[in-house]
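For clarity, chains are labelled A, B, C, D and E in written order, and residue numbers in each chain start from 1.
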Amino acid sequence: MPELEVEHVSVYYGTNQVLQDISMTMEAHTVTALIGPSGCGKSTFLRLFNRMNDFISDFRHEGSILIQGQDIYAPQQAVEELRKRVGMVFQRPNPFPKSIYDNVTYGLVLQGVRSKAVLDEVVEKSLRQAALWEEVKNDLRKSALALSGGQQQRLCIARVLAVEPRILLMDEPASALDPISTAKIEELIYDLKQQYTILIVTHNMQQAGRVSDKTAFFNYGHLIEYDDTGRLFTQPSHEQTQNYITGRFG
Amino acid sequence: MSNMTRNRLLDGAFRAVGLLATLLGLLLLAVFLLDILRTGLSRLSWQFLSALPSRFPERAGIYTALLGTVWIMVLTALIAVPVGLAAGVYLEEYGRKSRWSALLEINITNLAGVPSVIYGLLGLNIFVRFLRMGSSVLAASCTLALLILPILIVATREAIRAVPKTLREASFALGATRWQTIWYQVLPASMGGILTGIILALSRAVGETAPLLVLGVLAYVPFAPKSPLDEFSALPVQIFNWISRPQQAFGINAAAAIIVLLLITFGLNGLAIFLRNRWRRHLP
Amino acid sequence: GEESTSQKISIDGSSTVFPITEAVVEEYARQHPRARITVGVSGTGGGFQKFCRREIDLTNASRPITDREGQDCHRQDIDYLPLTVAFDGLVVVVHPSNTWVKSLKVSELKKIWEPAAQHRIMRWNQIRPEWPAAEIHLFGAGTASGTYDYFTQAVVGQRHASRGDYTASEDDNVLVQGVSTDPLALGFFGFAYYEANQAALRLVPIDDEQPHNGAGPIVPTVETVKNNTYAPLSRPLLLYVSSVAARRPEVQAFIRFYLTQAPDLAREVGYIPLPATEYRRQQARFDEFVTQQR
Amino acid sequence: MKQRERLIEALLALSAGISVLTTGGIIVMLAVEAAHFFRQVPLGTFLTDTQWTPLFADKHFGILPLVSGTLLTTGVAIAVALPLGLIIAIYLNEYATVGFRNVIKPLLEVLAAVPTVVYGFFALTVVTPFLQRLIPGMAGFNALSAGSVMGIMILPLVSSLSEDALTAVPRSLREASYALGATRLQTAMRVVVPAASSGITVSVILAISRAVGETMIVAIAAGQEPRLTANPLVPVETITTYIVQVSSGDVAYGTLEYDTIFAAGITLFVLTLVLNNVGYWFRQKFREQYE
Amino acid sequence: MPELEVEHVSVYYGTNQVLQDISMTMEAHTVTALIGPSGCGKSTFLRLFNRMNDFISDFRHEGSILIQGQDIYAPQQAVEELRKRVGMVFQRPNPFPKSIYDNVTYGLVLQGVRSKAVLDEVVEKSLRQAALWEEVKNDLRKSALALSGGQQQRLCIARVLAVEPRILLMDEPASALDPISTAKIEELIYDLKQQYTILIVTHNMQQAGRVSDKTAFFNYGHLIEYDDTGRLFTQPSHEQTQNYITGRFG
């Protein structure tokens, strides 16, 4: 069974259709890159999987989205439960204005975990996974806002890992970062792939090439092409894809 | 003269006029404060603060009025703050785009613009007469609480709106419910703005006179209230009372009482600005 | 309810009488720091209304209670006793810079104030042709005040009948301020308010055209008010006690204090006290009223 | 979990509902009491009679003198606040340095934080004597003095809200203008002010509404004589003053005379309601333009 | 004499130095592309030439900038005069909320030109130059806001041409536009080169390659490399440039 299945999904904001009958499946432990020009619907697509679009008042969708065969838009699906299974990392680092420690433990505290021992352990484990532990282990009580942009982004990743999701959504996670931080995040994605299924939106085609197994190219709400990354970049089967990856627009 | 020179001259002229106009506004404020200080400062003393009202201007003090004002402030805050906060949170975080929320929206905008005498009439009919509270501290506080409610709601909403959406998204994405997100993220992050709003609203309540007059707050109350159902006087009412006496000496008393009232309102405003600046630094 | 009012004395009513009562309460509070007495200013009419609704214990009045108001009280099972506490003269005043008005006849006052004058008598020269053609700005007691009732009765000849286009306030201070800042003003109010502001106002002598009662224009003074030659504008000031309140010891103590202090305090705030024997008689009447309530 | 969330939401909604109850309370109260009044006084008379003497023997119930008094003081206030406020807004927005603006704007807003009873005192004891020296024969209570002080009070409302509107004009428009060689004044007058015009209109409407509802300044300094006049030098009475005068003077409760304050109140309420909603409408329009 | 000369220019915002000792010269009738990662100082550099940075309160610069040998920061330089000579086109189309006609004539009206005949003529000429005349000639009184994004941007160009500048500054003029509009703008730049000296900031390397004669690569406020466009893209002499143009960061 594929980890994620998208079947004939269309999305509307009010009367404006922004995704047009998308179908695709993703396997566990793969990294899928979503590329396409600005406004083509990449973020909207990504946010379908943890139902973050639900907050948009005139959002409406058709079709179904299954995680391990379960319809995540089914009425009995508790959305908070879903979001624990499907973690998300945003374009700009968005740590809470709290300490590093409190950032990482937030998800567990929400679930009622209070034991200091458990929390301590999770903090260390998650920060290690996010390749941040060494840099901050002596400053866990420091405000997260005092970290650099790249560190903040890794903290946000650690925060997500702490609640042990199966799936990770990343919306241009490195676009606000410097080259060195970007490299670190890319490395991290490579490591995390062992345990998680990852979807990543990026506007940087080289990045898509470096980190992903498969790539989906969107344009004007259509899924134009979805293929192994190597093939899509070297021998795209659509002219639009060709034009896009050679920088003719976008 | 070339067009360019003319335009530059006009530009310079407006710069001067603008600066003058701005300074004129401040100048008026200064004249006004100085005049009051000049008139009232000499009258200000411990005796003035601690004396009961009197028919002799030099013996009269603001003890009861000051205490009345403090009572009103505390009681009004106790009534209005929880309601205003809750309503603000509701409108900002729960209000979906529905007819109901559009109604609430327009309703609050309108309430904020209802003249204070009308609140006085409402308080007179509902609290003083219908609920038989009389012209008590409680009746006045309820009335003033209604009056500042829209200010509180708007301030709460603005403070909440200033919390970046990314913070909410981060919280939701970690599986938080709506209330958890509000409680753990939104409220702490907007506390500065909310506190500022509360204080500004209270400073407004402290200075309100017309509704109290409409409620029938008394001319002569020589004792401080002991319970919310006691009658009382308040600083602005005392000031109004003294202003409307024609004897010069009461005018001096009025000025002295105005200094005290201004200290309170400016103090509150200053505190609000201080808090706002302090908190601003805490936001990402 | 009963419980809370029993510890307090609430007084309201006439603004004319207010200064005396205020003075008495102030002195009383000095000697009885635990006393909780409030004094409002709603005008005589407003005072009677609250009085008969049992909202207050005593009410100041600058005219006697009317039959209608009396019936209201009786309907609420309230009996009452009027106590005379001082005399007052109504003064007619103009701005100190006014050079033309030397005196006014009662008939002229009537011409100015009667209902028919509304929107018609608007300039000084309509009263006497030799006066300037400038606008006249009128200030007078508000309709809820006893002063208004008394003035209309005495000048126009009918209670509550006057023009309506003037600055009417229950608060005499507003009137004093109005007249003292307006060179074209003419106003009337209680004697006490004139006394407190002599420098800012000029008194107008009044001629009632009844030579048997003092010939020519008469200036209101302590003497002319007391001996009633300043007619028709002098009157008694009253304090009404309700039968319910009279039963309470603290009210009795307060009234006793009031009547002993009134001679000094009435004088001090600008009114004309009754003769000393008269105050003793008021006390006796009150004592009798109290015994009736048992 | 679900249940707790629901309960909390219900509690919050209830609090928000109180504001609706308040509006409802005001409307019902005014309507019920004014209905008593209009049962005895025809609406036509109320709106067209030119005299307001409900407390006197010869009773007239024409609201016009109170409305004219209100409009007169408001007019004077706006005549002071509008030009001054607009110039200040443009100056602060286009000319002043950020530092200067950050200091001056809160200072100006202090003008709006001063309790109005204090302004009344100022009008009566400083402004009126000052104006009387310039205009001999001016009455002690008059619309000019009260109105101009009210103008000072609402000045920050105009200047701050207009300044906000000017700030909301996208920087890109300013830059486009400057990049074409415009001076600051040209940019302000030809691009920024027109683009912010609805926001500026909002500020003025709100200022008018505030002036119409203002009570203490006029009660202390404008007089208490209902008079249908456009002369700002004589005493007038505003709707608000009348309400305070009568409700604190305690006219017999339940009588026609007493009900006049609700007739006056509903007039005031409707006036401000209309102004506020026009303002609200403009603001929505303004928002759509830039958000 | 070169059209533009930049000599040892450094720029500070407060204490933050954002341009570090830049020197370069540009010839008349050339197109120079400025490229580099976000925040490297491209816009700041561009806006030196029409002194738009003057509005930033803590802006400060060292070094000199000459247009045709004249120091444009000299005290006697009237800045309004300068801005007429140095036109600017911004990243997002920013037409005034006025009619098309009024947009184009704005610059002339500022200078006091009132003659309808003159204005009419300039409007037609400028709109023709900006390749917009045919599309709008019947709707000159229509609000400029009713135009599409691409049309708006060409209108903004026409508005600048109307005041007859010598130099055109363009800050990512096509980045908010669709592929077709982008192509039109690029064509336009090619045509305008005959009469104007053009500086263009772009984040799209393909675009830089297509439109410019020379390219300057900035990084962290330094001018890393400045060369013929062809050479810079095919055989860059710095590793940073190489990394950037191959998408390793940015």
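We take it that contacts are C-beta pairs under 8 Å (C-beta built on N, C-alpha and C of every residue); 3 or more make two chains touch, one makes a residue touch a chain.
The chain list, named the UniProt way, goes like this: A, E = Phosphate import ATP-binding protein PstB; B = Phosphate transport system permease protein PstA; D = Phosphate transport system permease protein.
These numbers come from a predicted model, not from an experiment.
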Applying the touch definition from the top, give me the chains sitting in contact with each of chain C and chain D. B
Separation of chain E from chain C in steps, with touching chains one step apart: 2
Pick out whichever of the two, A-B or B-D, is joined by more C-beta pairs in contact. B-D
What is the chain whose Cα centroid lies farthest from the Cα centroid of chain A? C
Length of the line joining the C-alpha centres of chain B and chain E, rounded to whole Å: 50
Cα centre of chain A to Cα centre of chain E, whole Å, reads 37
Could you grab the centroid distance between chain D and chain E? Build each centroid from C-alpha atoms only and quote it in angstrom. 48
Rounded Å distance, chain A centre to chain C centre (Cα mean): 84
Set of chain E residues in contact with two or more other chains: 80-81, 110-111
For chain C, write out the residues touching at least two other chains, lowest number first. 42, 174, 177, 180
Using the touch definition from the top, which residues of chain B touch two or more other chains? 7-8, 177, 216, 244
Contact residues on chain D for chain C in the complex? 51-53, 55-60, 124, 128-129, 132, 137, 139-141, 223-227, 234-235, 245, 248-253, 257
Counting only contacts in the complex, chain D reaches chain E at residues 97-99, 170, 172-173, 175-183, 186, 190-191, 194-195, 289
The residues of chain B that touch chain C in their complex are 52-55, 134, 216, 218-223, 229, 231, 244-247
Show me the residue ranges of chain B that touch chain D in the complex, using the header's touch definition. 7-8, 10-11, 14-15, 17-19, 21-22, 24-26, 28-29, 31-32, 35-36, 39, 82-87, 89-91, 94-95, 103-104, 106-122, 124-126, 146, 149-150, 153, 177-179, 200, 203-204, 206-210, 213-214, 216, 236, 239-240, 243-244, 251, 254-255, 258, 261-262, 265-266, 269, 273
Contacting residues of chain B [partner chain A, same complex]: 96-97, 164, 166-167, 169-177, 180, 184-185, 188-189, 282-284
